[in-house]
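Pasting in a structure now, in structure tokens, and then I'll have a few things to ask.
Per-chain numbering from 1; labels A, B, C and D assigned in written order.
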Amino acid sequence: MTGDRATSPVMSQRLFGADIHSPVFLASGTCGYGQEYADLIPLDDIGGIFTKAVSVEPRAGNPPHRVAETPGGMINAIGLENVGLDRFIQDKLSWLREHLTRAHVFVNVVGRTRDDYAAVVAGLDPHDGFLGYEINVSCPNVKGGTLFGTDETALADLVARLRKETDRPLIIKLTPNVSDVGVFARICEEEGADGLSAINTFPGMLVDTRSRRPVIGNRSGGVSGPAILPMGVYATWRARQVTEIPIIGIGGIRDGDDAVQYILAGAALVQVGTASFVDPDAAVTTHAGIEAYLRAHGVATLAELVGTLDDGL
Amino acid sequence: MLGLGLDTPGTWLLPRPFSIGWRSERGLIGILLRVFGRGTRALSALTPGETALVLGPLGTEFEAAEGRTTECVAGGVGLAPFVFLAAEEIAAGRPVRLVYGERDAEAVFDTDLLRELTDIDAEVFTEDGSRGTRGRVTAGLDPAADSVLCACGPTPMLAALARFAVEHDRDLQVSVEEHMGCGIGTCQGCVVRSSAGRWVKACVEGPVFRATDLDWGAP
Amino acid sequence: MTGDRATSPVMSQRLFGADIHSPVFLASGTCGYGQEYADLIPLDDIGGIFTKAVSVEPRAGNPPHRVAETPGGMINAIGLENVGLDRFIQDKLSWLREHLTRAHVFVNVVGRTRDDYAAVVAGLDPHDGFLGYEINVSCPNVKGGTLFGTDETALADLVARLRKETDRPLIIKLTPNVSDVGVFARICEEEGADGLSAINTFPGMLVDTRSRRPVIGNRSGGVSGPAILPMGVYATWRARQVTEIPIIGIGGIRDGDDAVQYILAGAALVQVGTASFVDPDAAVTTHAGIEAYLRAHGVATLAELVGTLDDGL
Amino acid sequence: MLGLGLDTPGTWLLPRPFSIGWRSERGLIGILLRVFGRGTRALSALTPGETALVLGPLGTEFEAAEGRTTECVAGGVGLAPFVFLAAEEIAAGRPVRLVYGERDAEAVFDTDLLRELTDIDAEVFTEDGSRGTRGRVTAGLDPAADSVLCACGPTPMLAALARFAVEHDRDLQVSVEEHMGCGIGTCQGCVVRSSAGRWVKACVEGPVFRATDLDWGAP
């Protein structure tokens, strides 16, 4: 956004009915509701944020330890602790509305049943201060026991239902915990989703060999960070092969090169999660790195780079 | 939080929480680092001129009270915040006691350096008696003293002190340990249980809490 | 195996009808057919090896690059290059028979159809020089298109068929690329498998942002190494919850502590793969590390440590 | 193969292939290391006293022929094996030529040190002419010479030399590059295509091949 206008590549894209001036967002669950990071980095210089998951009712979350380091990554089992729909609207959304100018907000939504999800979307829809929804389907489905995101029928029903509740951008966040992420990507597109986020975390466990207990209070948790970068790039590429809607690449992104891997594989936008814990500037650095890549390779606009992987197919 | 950042070739390290050990007149801050696991080992391998990434200061701090002695109770590397606290209080002319326990003599921090940094002598306890007084730090406390009690160390030590404080109706502040993600209150990773049954964040609502505000579980 | 007999923990276990004197094996595909490592480490000091995959016909494998580093791991797409059943029996099995004394050999088997797998097992069964089979079901099934290991019916049919071909130990190597590895573990047990290996690699992709091509010649490949350690421990624990047969833990193991995590989670044996590339001694070090753990924690026999994770369930 | 092993805190690095750069009389071996990506950066960050893990020597080597000059053609860091080769040949009293190309002057290896190590002067080519002769190393070769040609450098350079060798009926040995896993022939990770259409392993069947044994693709 700075520098010589003539040579500056265009980082902005028209997506989800909005001008998105940077492809880099903070990932759900790693930036709360934006407030804390607003003190550390210029949020309006990046694309925006995906909020911590919001559920109808407030949730207390899991016992500690909730996070631990893994080789090349981390594991977390926060338990979707959140303030619940009402307080989100009152305290968090109003803050976001007042403090963000260019940065966009997507609200990450969770529920135990289809009705739960629908209630969050219906409850939020009339309010200002956010652009769209990211639906976290890596949640156990109270009815079926499996995750929404790993059950074709449950996922189709959920997306169809949410599509009826809103005209806002509806992004479904895919779980990699399936045999073929392409199948689930297609279901989302067919049922009317506007975009796909790829990917959420992998189930993992660490054992404290001294106490002979799981390190994580909830026993298992989700693995994120650089360790999952190649899995995320693969899922993005796979989803791109079988769908047309915009993809948001997530998983292990630390810098411009990581992000460009996702972009070439098919992502129009990316999210930076765990890397922000290691360096709060990671998202800003990633934005700068993508811009530098475009400049170095003489690419005039980011949009024309998306999905241009030369994969011989 | 202290870490290696994202640039260092070949490394991946979530930042680890550290106390400010002391500050110099030139505005430098010092860290007392004890090698425990892989993170502290990697950080201790930094050589002069290499860069670490610091995010801070973060969270709450111990509060001394005007006119009362501050009694610092340190277990192991829990010594770190008290080097800073003691130095500040002594410099301000306020009375401080430093009761410091370790497993054995080998683990005890350089007491000469400690005196140099704080201007007071630590009263050392070791579990095996190989240095200072044999026994636990609790033995060094006068139940009837009118002091502000501040403690940092392993959770069992803090829990024992919390019971001591309740029993003798003493004010106690504790600095707790929990695994951290962000260090700034966004990830909800670092919670401990409050006496009200809520999860509170060690990184921003703590690490220093009033002992009575936390749930110490069954004894 | 060295030191004071009175205080030395018993590392040996009676499993698969054999005395297995060390729980540490080299993982399939990372130690060839044993010859090369025999020059570097004392193979008879570890439990043994799982061979490179053997198919009926020789396979040429994929174009380069076949391997690349990933954050905390690596990606490979060797393409199951192997000498084929006949030459395996002639050249490789005879070498193994002659050169290994205590170390056990499991032959890793692949195929495009059920008949392919059955032909390898039937062809090998009369020969000496190996203890049992590890069936690699992370292979695309020519008939169905999906992987054997991600299709419940295909897996059940395959295991049932192979069970008929042999009385030797039949170990099925689970792929983590499913929603619930427990479901697939149970199928294997029900159809008569003697053991489970958990886990194989995760599908991943890396992009060379300069050439805008996939780094790997085959586009995507399998991610292994420390990056997947928590996923492997989780899969082992999950499989342990729902089955009784011995589990062989695999994924990211570098040392004794990593191995003990798997053992506590339920693995009786472990395999060391990618770590051997970084340090050929990794398997030997892992054996020594497990022994040191038993000694330090006063555990008399390895067998009594298996599956003793205090998970509160 | 040169790597950091499994013990170094906070690191994960597959070992990378390196040539033996030279050997000293005291039995030490030297490595010429050019920082390229993350692995070479991490290895170059080692400080004196730190340990690297070496597995080797591995694979095939260049073969000189009695009575004929060895012409070493080096592109970039492809110089490394020729420092060793040239020193050995010169020490044995056999004639060697060293033709060495780089993009520009900045990239050229210290030629004084090079002479010290090998006892000969390299004939330097740079693409932009900023040092030595302007142009590609191929320009430095006499098609009619009766020498043993040995080459190491980027694949396009090797391919050009392979065509040159076929055209002028010259013997050519090339040292090829490929990503490696194990380095000892077990993982099948490092294959290049032979002229017979087979995959051959760069780590044990190579890295030095007769150029005619490899498939150089369409020109």
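Just so we're on the same page, contacts are C-beta pairs under 8 Å (C-beta built on N, C-alpha and C of every residue); 3 or more make two chains touch, one makes a residue touch a chain.
Quick caveat, the model's predicted, so the values are computed rather than measured.
**Student:** Report, in whole Å, the distance between the mean C-alpha point of subunit A and the mean C-alpha point of subunit D.
**Tutor:** 45
**Student:** Could you state the distance in Å from the CA-based centre of subunit A to that of subunit B?
**Tutor:** 36
**Student:** State, to the nearest whole Å, the distance from the C-alpha centre of subunit B to the C-alpha centre of subunit D.
**Tutor:** 55
**Student:** Of all the residues in subunit B, which ones touch at least 2 other chains?
**Tutor:** Only 4, 12-13, 38-39 qualify.
**Student:** If you look at subunit C, which of its residues touch at least two other chains?
**Tutor:** If we look for residues of subunit C contacting two or more partner chains, we find 71-73, 225-226.
**Student:** Line, ring, star, complete or other: which one describes how these chains touch?
**Tutor:** Graph shape, chains as nodes and touching pairs as edges: a ring.
**Student:** Looking at the whole structure, which two-chain pairs count as touching?
**Tutor:** Those chain pairs satisfying the definition are A-B, A-C, B-D, C-D.
**Student:** Considering only the defined contacts, which subunit D positions touch subunit B in the complex?
**Tutor:** Within the complex, subunit D contacts subunit B at residues 4, 9-13, 38-39, 41-42, 45, 47.
**Student:** So in the complex, which bits of subunit C are touching subunit D?
**Tutor:** My answer: residues 29-32, 36-37, 39-40, 52, 60-61, 63-69, 71-74, 76, 78, 81, 225-226, 254-255, 275-280, 282, 285.
**Student:** Contact residues on subunit B for subunit A in the complex?
**Tutor:** Touching subunit A: residues 3-6, 12-15, 38-39, 53, 55, 178-193, 198-199 of subunit B.
**Student:** Can you list the subunit A residues touching subunit C in their complex?
**Tutor:** Spelled out, the residues of subunit A in touch with subunit C are 70-73, 75, 146-147, 150-151, 177-180, 202-207, 209, 211-214, 219-220, 223, 225-231, 233-234, 237, 252, 257, 260-261, 264-265, 293, 308-312.
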